[in-house]
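One chain, chain A, links the two complexes that follow: it is found with chain B in the first and with chain C in the second.
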Partner chain A sequence: MLAEFLQFLFSGITVGAIYALVALGFSIIYNASHVINFAQGEFVMIGGMATVFMMAGGLPLPAAMLVAVAIAVCAGLALERFAVGQSRGASVVTLIIITIGASIFLRGLASVVWDRNFHTLPSFSGDEPIRLAGATLTPQSLWVLGVTLVVAVLLFWFFTRTLMGKAMLATAHNRLAAQLVGINTRFVLMLSFGLAAALGAIGGILITPIAPTYFEGGVMLGLKGFSAAIVGGLGHGLGAIVGGLIVGIAEAMGAGYISSAYKDAFAFVLILLVLFFMPSGLFGVRGTERV
Partner chain B sequence: MTMKISRRGLALGVAAAAVLGFASAGAKAETIKVGSFLAVTGPAAFLGDPEKKTLELYVEKINKDGGILGKQVELIVYDVQHVADKARTAAKRLIEQDKVDFIIGGSTTGTTMAVVPLVEKAEIPFISLGGASVIVQPVKKWVFKTPHTDRMAVEKVYTDMKKEGISKVGLIAGSGGFDKSCLKNAKDLAGPHGMDIVASETYGKGDTDMTPQLTKIKSANPQGVLFCGFGAPAVTVTKNYRQLGIAAPLYHNHGSGSKKFVQGAGKAAEGVRLPAAALLVADQLPGADPQRQPALDYQAAYRERYGEDISTFGGHALDALMLMKAAMEKAGTTDKAKVRAELETTKNFIGVDGIFNMTTEDHMGLDLASFKMVEVRNGDWKFLY
Partner chain C sequence: MLLAVEALTSHYGRIQALKGIDLTIDRGELVALVGANGAGKTTLLRTISGVQPASGGKIMFDDHNITANPPDSRVRMGISQVPEGRQVFGPMSVEDNLRLGAFSRGGAGTAEMLEKCFAMFPVLEERRKQPAGTLSGGQQQMLAMSRALMAQPVLLLLDEPSMGLAPILVDEIFAAIAELKAAGTTIFLVEQNAFAALSIADRGYVLETGKIVLADKGEALLVNEKVKEAYLGI
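The block that comes next holds the complex of A and B.
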């Protein structure tokens, strides 16, 4: 009984950590621009696919990962520079539709530049499962959790201890005021897209040894990450992480104890419940600091 | 890529229109027109791409050898992706504008079923490349198909399980059309084959971790587990299965019969059993097996032309084309009703998918012997029987 529970929990937090990385990306861009970037899932896909193809091109895994993150960041910056940034002054809804268009474009591009097959990466440190009280955990899951934790700590440090991070927070609070005190809000917007793309790509690289990626592989991860961001409170850093874990664990427990046929529904039911009782998410109390 | 192909499609369309114009101008067109609509691009491109290449390669070969009944064969292919509406439009064009003598196509069950009413009304013989049994059950007068059905795959797996002394089965399936159809067949056929289904779980589109479902299956203590699905989830399920250390043998359906699966799942794939077309293990078949030579010939021809490995999907297109050729030659004419009648009485036709024996009740004509049981060993397919 305990073994089963642990197994569901391990599954939930591993997947939840990936959702958290995607959710952080949503939140960062939302803070800088109030845009919900529906191309976030595509950054995840680009991270995984680019690593696969860089490795196929002869690069060792660590170098391939760095290049893949760089490619995703370029895609993120290009999205801001050539699509979202071009439409400044347009309504938020227009900008959101632009990101949906961008996501379709990126998927198409990936299917042409790379291919339509699914691809996988070798696990970073072997496939021998670790046994724990009757349940098993792959070493790759530990990588996912560890890297997510490090990323979360780095982000926290960035937003509270560096001038640039504080400038981003200030822009999130009040764009006009930030501009008046000399913050380059345009640069903040660029940075937010680059950062979000990097987070997505990291998630994509971490998950590919567990679940193969393909050109449409980012769609569902993007949606789940979005759910996580909503549950935690859009625009709230800690909320994104907690939201991701909640969605991941709810899915795993739901599939394990209730019915696997409705696995995807649990995430979306959770959103409805949260929005019903706490319209701005678990952490998104209006007027508090948003990351 | 899409642009290129649609342009080529356009060019074909223009060429076809030109031929039509020519024909109506009084000259007699001395070609046999074969129309095809396939998923050349889009998510089902792994089906349509080898099918199109195979048709082009073999139409060329047939023409070089003097054509059919002394007439050259003209192939018209439209890319309809995995979209039922596009398939309908393409079929209409093939029937009304291109006035084809025969239709081969529908890479998927969905696109095939969308076209069936049109073909039945226009009374044109049609061989589908779609998988599901619904295409030929109930029998439709003008509709035939070459791929094995998902039902046969399940039957083959159950037969092997019985051999291994397995009677308690766990099922895990995705939520797509193919997955659901496979799952339904697995449940329907369990009783007649003496199987007891102890657990049945599903996963969603885009799921990245199936350990919760497999944990549930594990706790039900099945003696064997059947996976109903294909593509990326096949890899994830297999890896998760090994991670949990489930001892019962894992069976896949024929959808996993691609090298992509073996490469993706790596060590986890070792020991997975599945039913597959003979093409997959052609060089391992015993010399007396009638499918050995046609399969090896196809493999060699395809590799020489395209420099890539064959897939079982291209083989379905090859069989469809050759069945058509045989039927026309036996009928001695391209008269649609006569060709259809000959197609329906096809006997002992040795194709790469197996030996076809069509009847008025069976418009596919393959039996279980045409499916081979294979196991993954050392990163390759091992022919069992």
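The block that comes next holds the complex of A and C.
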């Protein structure tokens, strides 16, 4: 009983951490531009796929990961530079449609440059499972949780302790005032896309040893991350993390105790419930500080 | 001459808000701009700061043509604006608002300028940890002014600093403006409160539907028949 519950919990937290990283990306871009970037899932896919193909090209895993994050960041910056940022004065809805177009383009590009097959990565430090009260935890799960925690702490530090981080928040709160204190809001937008892409790619690299990826592998992860961001309150940093864990755990429990056939539906049921009872998400109280 | 605006025009879509503005501000001067609601005062300040594009004409600052410069470069050159409606970063603390004021200097001189701002408006020091959005209107105005000063500006643009404030706070804000002028800051003051503005100004301009219609010394405008009739309610 307990062992079974723990097993579902571990797998929920692991996948939830990935959703949290994706959700943070959604929130950062949303804060900078009020755009919901539907290409966020493609950054996740690029992270995994690029690492796979860099390794196939002979790079060791750590170097392949770095190159993959760099490729995703370039994709993020290009999306801002050539698509979203070019359309000055366009409505937010137009910009969101542009990101949907970009996501289709990136998937197509990945299927051409790489291929249409499933790929996996070796676990970072072996597959010897750790036993805990009858349940097992893989070392890769620990990597996922550890890296997510470090990333979350770094982001918290950046947004609350550095002038540039505060400038990004200030731009989210009041773009005009941000410009008037000398913040280059265009640069903030670039930085947001770069940061969101890096977070997505890190998530993609971490999860590929657990769940194989392919050129369309970012679609579902993107939607789950989006659900997590909505559940936690779009634009809220802690909300994104808590939202990610909630969606991950709900999904694992639902799949374990109810039916795995509806696994993907649980996230969307959660969105509907949250939006019905708390329209601005768990943490989306107006007037609180948003990351 | 610190600022020289020549034949400046600006549009919102098809609507022309500025129809060829000429004005100059010398170093150390306090120049007032008065005009009715909708005359284009805010648009002029926005265009000088670069958050609203000029559609024609020229803005010279410190002998540089800045007409095409982005807003952040103008702040680094020394132009700070206290915008209409204060525009504080509501969820952020008073202190963070002030620190962001020094963003254009990369945070340099923050400690020393914080002290100056707290000396000028002690209430900000008492409230330094509080979210800016919880301050009263007058306190937010003090914060917006202090935030602009954190950049140690050469030219300070003030857009209706007395709007919506109780008379006692209006006096405090105008006292602070006089103090800044005495300390050598060049100030361009936009006001609907024409009497108060012209009383402390060296020179003044009157703006009507996007055009400068009068320019004179502050005290001369105060006794000008047209100004008295239209803006001073005498």
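Keep this in mind: the second predicted complex is superposed on the first by the 291 of 291 C-alpha atoms of A that agree within 3 Å, B and C clash if a C-alpha of one lies under 4 Å from a C-alpha of the other, contacts with A are read in each partner's own complex, and residues count from 1 in each chain.
Basically, a contact is a pair of C-beta atoms (placed from the backbone, for glycine too) under 8 Å apart; a residue touches a chain by one contact, two chains touch by 3 or more.
None of the values given here were measured: they were computed from a predicted structure.
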Discussion item. Do chain B and chain C fit side by side on chain A in the superposed arrangement, or is it a clash?
Written reply: fit
Discussion item. Which partner chains sit in contact with A:174 here, chain B, chain C, both or neither? Use first/second/both/neither.
Written reply: second
Worksheet item: Which of the two, chain B or chain C, is in touch with more residues of chain A?
Response: B
Worksheet item: Between chain B (first) and chain C (second), which, if any, makes contact with A:252: first, second, both or neither?
Response: first
Discussion item. According to the stated criteria, A:183 is in contact with first (chain B), second (chain C), both, or neither; which is it?
Written reply: second
Item to complete: Please indicate which partner A:166 is in contact with in the superposed arrangement: first for chain B, second for chain C, both, or neither.
Response: second
Item to complete: Tell me which partner A:142 touches in the superposition: chain B (first), chain C (second), both or neither.
Response: neither
Discussion item. Tell me the contact category for A:207 with respect to chain B and chain C: first, second, both or neither.
Written reply: first
Worksheet item: With both complexes placed on chain A, how many Å separate the closest C-alpha atoms of chain B and chain C?
Response: 38
Item to complete: Jot down the residues of chain A that show up as touching in both complexes, chain B in one and chain C in the other.
Response: none
Practice prompt. Please give the residue numbers of chain C that touch chain A in the complex, ascending.
Written response: 49-51, 70-72, 75-76, 80-81, 83, 87-92, 96, 99-101, 103-104, 106-107, 131, 133, 147-148, 150-151
Fill in: chain C partner contacts - residues on chain A that touch it in the complex
163, 166-167, 169-170, 173-174, 176-184, 186, 287-290
Practice prompt. Within their complex, state which residues of chain B touch chain A.
Written response: 1, 43, 45-46, 201-209, 211-213, 215-216, 219, 231-232, 235-236, 239, 242-245, 260, 263-264, 266-268
Worksheet item: For chain A, which residues are in contact with chain B within the complex?
Response: 4, 7-8, 10-12, 14-15, 18, 111-112, 116-120, 122, 127, 129, 136, 138, 207, 210-214, 216-217, 219-221, 251-253, 255-256, 260-261, 263-264
